[in-house]
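Take this structure first; my questions come after.
Chain lettering (A, B, C and D) follows the sequence in which the chains are written, and residue indices restart at 1 in each chain.
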């Protein structure tokens, strides 16, 4: 059975319908990429999974029905969302931001260990652990967001444009770390990316979204070979 | 970020085209003016006097609305400008025996300057800090009016008593009716000016500043000047209202211009409808009549009723009375179209 | 509201008799607000806002008229007492007073409360020729029969009271150094100016310090410290109850022991001295014209017994230690007498005429020796008072009745 | 010198009161990102509840704790029942609801307990410590209790997960939800805590200014000023700000003769605003660098 099962998912902003019935699933331990142009509904898909927009349809996570729940209840199932714009708590320190990631956990000792592990992944954050998070650079805030998500010990991470605003070398580093996390800790990931080649490089499955519908789906390899995808999104 | 900025610019540009009035709006305005003209003929002098106060407070609410609704700044200090206007009128009439109608432009100019000067330092303050600064202004007003060295002009703690004007040209109408019509005309003129100002270039600039100060600056709008000027114009409206209020009440005293007046104007604005010119009339009605309704419901604890009414208003009309009316109208027309 | 059936029966009977024999025959002369069966009386009071403490007076007055009505009214007419809330805001007072006069069409405006509020309607009431009677303020400006024939005060005017203290000082302590604390409004200034006038030429040398406060101040402690530092040995305390209590306590806590005059506004034992601390209030001197309800010396006083019974019946749960309730009762009793004397001639002019011809009227709850006196040229009903000294339990009356020099 | 010390201590004593109120203000700001104009009246109402408990013979410190507990529950309920429907509509709508709450509490207190001033007991000895004439024991007590409460608040926000969650929820509700924080309850909790601290402030203030429905009016205003002066995001700064406002106001009144008592408040406020113009986040507020 798949970890995440989505059927007929629709989402609305006010009166405007953005998602028009998505059906997809995600295997435990896998990385799935969602590709698409601006406004195709990629970010909305992630937000819909977390109950941050008005939705219709079914979403079940590891067998439990999570659609129609409140955001804070949904994430307590073990879904960590790294949102667009990173969602940094700018007035809190780096460490406080990270600790908030573990807010729902009841094992303080393990939380301490996890904090150290995040600092191992992102040594820059350790240097700045007592600094106000608002003063971090864009790249550092992106790391902070990923680190905060890890602190939850999630079973599924939803990553919204992790490469946004990062210098190419930083992006590569980040994706290496994401790949490592996926392998070491068996964390499943759903990645939304503009940079399709980057996403397809670490994903094993991918979906292409156009105006709120899935138009192409398959393994990352298949998608990479697809004519339209190559022309429109990979640029060769 | 770029996308957002672009959207903002487009939105600002779109505002320019939507500035014409529809036929329905013309009819609405005509009806409102007709009602305004007929009212004093139908009711007693006392009611006319009350409606004069409604117009006066509507003017003050409009003043605050220009600041808050169109510029995103909010003020707890408008009682100060109301007081400056009122005292300007009272001192001119009492000390120099100048005719009442000359006091309005004078009050307006004095308040424009006062508001502009206050607006300059206020520029650097935002949100809560601006609230504190304006609040300080309204707290400081009564003691300043009582200040010994000014008491030759202000009458100190005693205040100034002034005389209500008679109708000119031998018109056979009561003082109250005359003052009502006078206020009504002033209000119409000020409404027209506000509408003209806000739909034109200036209005677009103001809205741009409110919605996205950075983008506005990028478009070459002198944010600082506009913001201070808005403060001045807002004070001007409130000051003229203060002058008319003083003439209607025939008395100015420090106790008339406490912090609670500022609160009343703010309440009137929010319940009337933020950022809406017609809404301010409802604001005036709220300021004058809601306390009376509260008192009628309970003499033991009128404020408890008043507070409850305020909260209920916010529950059922979060966009204010004018927003409520517009939404009701929109729903009605939509239903009609569906049929 | 429990209705006592027997009382109801009695008053119903009284009403029937009154209707049968009362105004009939002598067909009354009436102005708006009066009729064979009813007299409409208007009033404004702060029932909301920061001055609502005074609203107690309005409630007491309403309770008084209820009692009058239960006992058959005045000359067979019921009193219809309409009291409106003005929040102590002059513009609202104007609006509400116009409502009373023009819409409710009351015969007269009784006890509107506050100096700025009454100032706002002063001109209007006189232009409309509607009595503005026994206003609830002690400012000096309410007794000008020539200029304002329709306005009259009631309680001793503030300047007059201040003059009593001044002459006491001139007689007993001519070398005094006086420090003054006053509220920065016309109430405070009236006292201050009356006091300066009372001291006359010596005011300049005798007054060594004066400090004011605003009602929005949370405390007057800093002012008291400053006054003490002036080296004064007399302290004239012109403050409203809350600030009076603060000042009394601070004076004591600072170890300052001046001759301490406390204005009559704040002499309530229950409402001021007890909160300040009775032991800290020993030695205070004030003027009094009303009996203090908590004072044991009046325990068997007939008026006080009647007042207690009235409180129990008409203001159950009301604060018996509040001097406002005594005040409201006494001033209403004065109005009661005026209306009684007006008989069936209930015109506004006759009401003013009756109000301006009270001679040696003994109103319930006034101190022995204090009477209400008016004439067409004297619109100050109560002018005299007695000095009283606080002994730690009650106000001890000292000496004779004193009247300010004119 | 004696005069100066007396003025200084008088300023400090009232500063303590303002500081306590400022702390409650910061508390609710930390938890809800808003200033609550009804805070003072809520504190006043709590104090009346304490007054009622004491007059029914409940011992002082039990009353203190009970009043805090009742206020906490009351604060939570007010947020859940009254404020919640307007949350997220607009700041001004919430302000109007706060003003509504203010008038309701003020009026209800006057209606239930009347407007006459009432003495409120102090738990501290009546006589000044060591027979000094500078400062009353209660005043010292106020300063002490304020500092204790400040310390408690500091520990709570800094070291407990729930304190951290409250700050997060106030700053960025959407992100807070994403880490599983129940934002609605954090707001309610903030209201409850602020009400409880307000109760402390009221109980401490009442013996000084006397208990009456309007007692907190001006104190809340000074509390706001203090909180903003010190930095609305910083509890310790707010406490400092409260003390500063008290001392500043007193000393200006005492030493600048042409200002005197008449305009001291005005001048104090102008000074505060001047400070804010140059330090817009308050003396000790953290400057937030926003990267776009």
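In this section, contacts are C-beta pairs under 8 Å (C-beta built on N, C-alpha and C of every residue); 3 or more make two chains touch, one makes a residue touch a chain.
Here the structure is a predicted model, which means the values were calculated and not measured.
Path length between chain C and chain D in the chain contact graph, taken as the least number of steps between touching chains: 1. Minimum number of contact steps separating chain A from chain C: 2.
Taking the mean of each chain's C-alpha atoms as its centre, the chain lying closest to the overall protein C-alpha centroid is D. For the interfaces A-D and B-D, the C-beta contact count is higher for B-D. Computed from the mean C-alpha positions, the centre of chain A lies at a distance of 49 Å from the centre of chain B.
Once the centre of each chain is set as its mean CA position, chain A and chain D turn out to be 42 Å apart. Each chain gets a centre from the mean of its Cα atoms; for chain B and chain D, those two points are 32 Å apart.
Distance between chain B and chain C, defined via averaged C-alpha coordinates, is recorded as 39 Å. Shared contact sites, meaning residues of chain A that touch two or more other chains, are absent. Residues of chain C in contact with two or more other chains: 48, 50, 52, 184, 214, 216. With touch defined as above, residues shared between interfaces to two or more other chains in chain B number as follows: 139, 143, 146, 300, 302-303, 306. You'll find the chains touch as A-D, B-C, B-D, C-D.
Those residues of chain C that touch chain D in the complex are listed here as 48, 50, 52-53, 55-56, 184, 211-214, 216-219, 221-223, 225-226, 229, 241-242, 245-246, 253-255, 268, 270-272, 274-275, 277, 318-319, 321-322, 324. In the complex of the two chains, the chain B residues touching chain C come out as 44-47, 49-50, 53, 139, 142-143, 146, 156-159, 161, 163, 245, 249-251, 253-256, 258, 260-261, 288, 291, 294-295, 299-300, 302-303, 306.
Those residues of chain A that touch chain D in the shared complex are 50, 52, 70-72, 75-76, 80-81, 83, 87-92, 96, 99-101, 103-104, 132, 134-135, 137-138, 141, 148, 152. Of all residues in chain B, only 1, 68, 74, 121, 124-126, 128-129, 131-133, 135-136, 139-140, 143-144, 146-148, 263, 266-267, 270-271, 274, 300-311, 313-315, 318 touch chain D in the complex they form. The part of chain C that touches chain B in the complex is made up of residues 47-50, 52, 83-85, 87-92, 94-95, 98-99, 101-103, 116-117, 119-120, 122-124, 184-186, 188-189, 214, 216.
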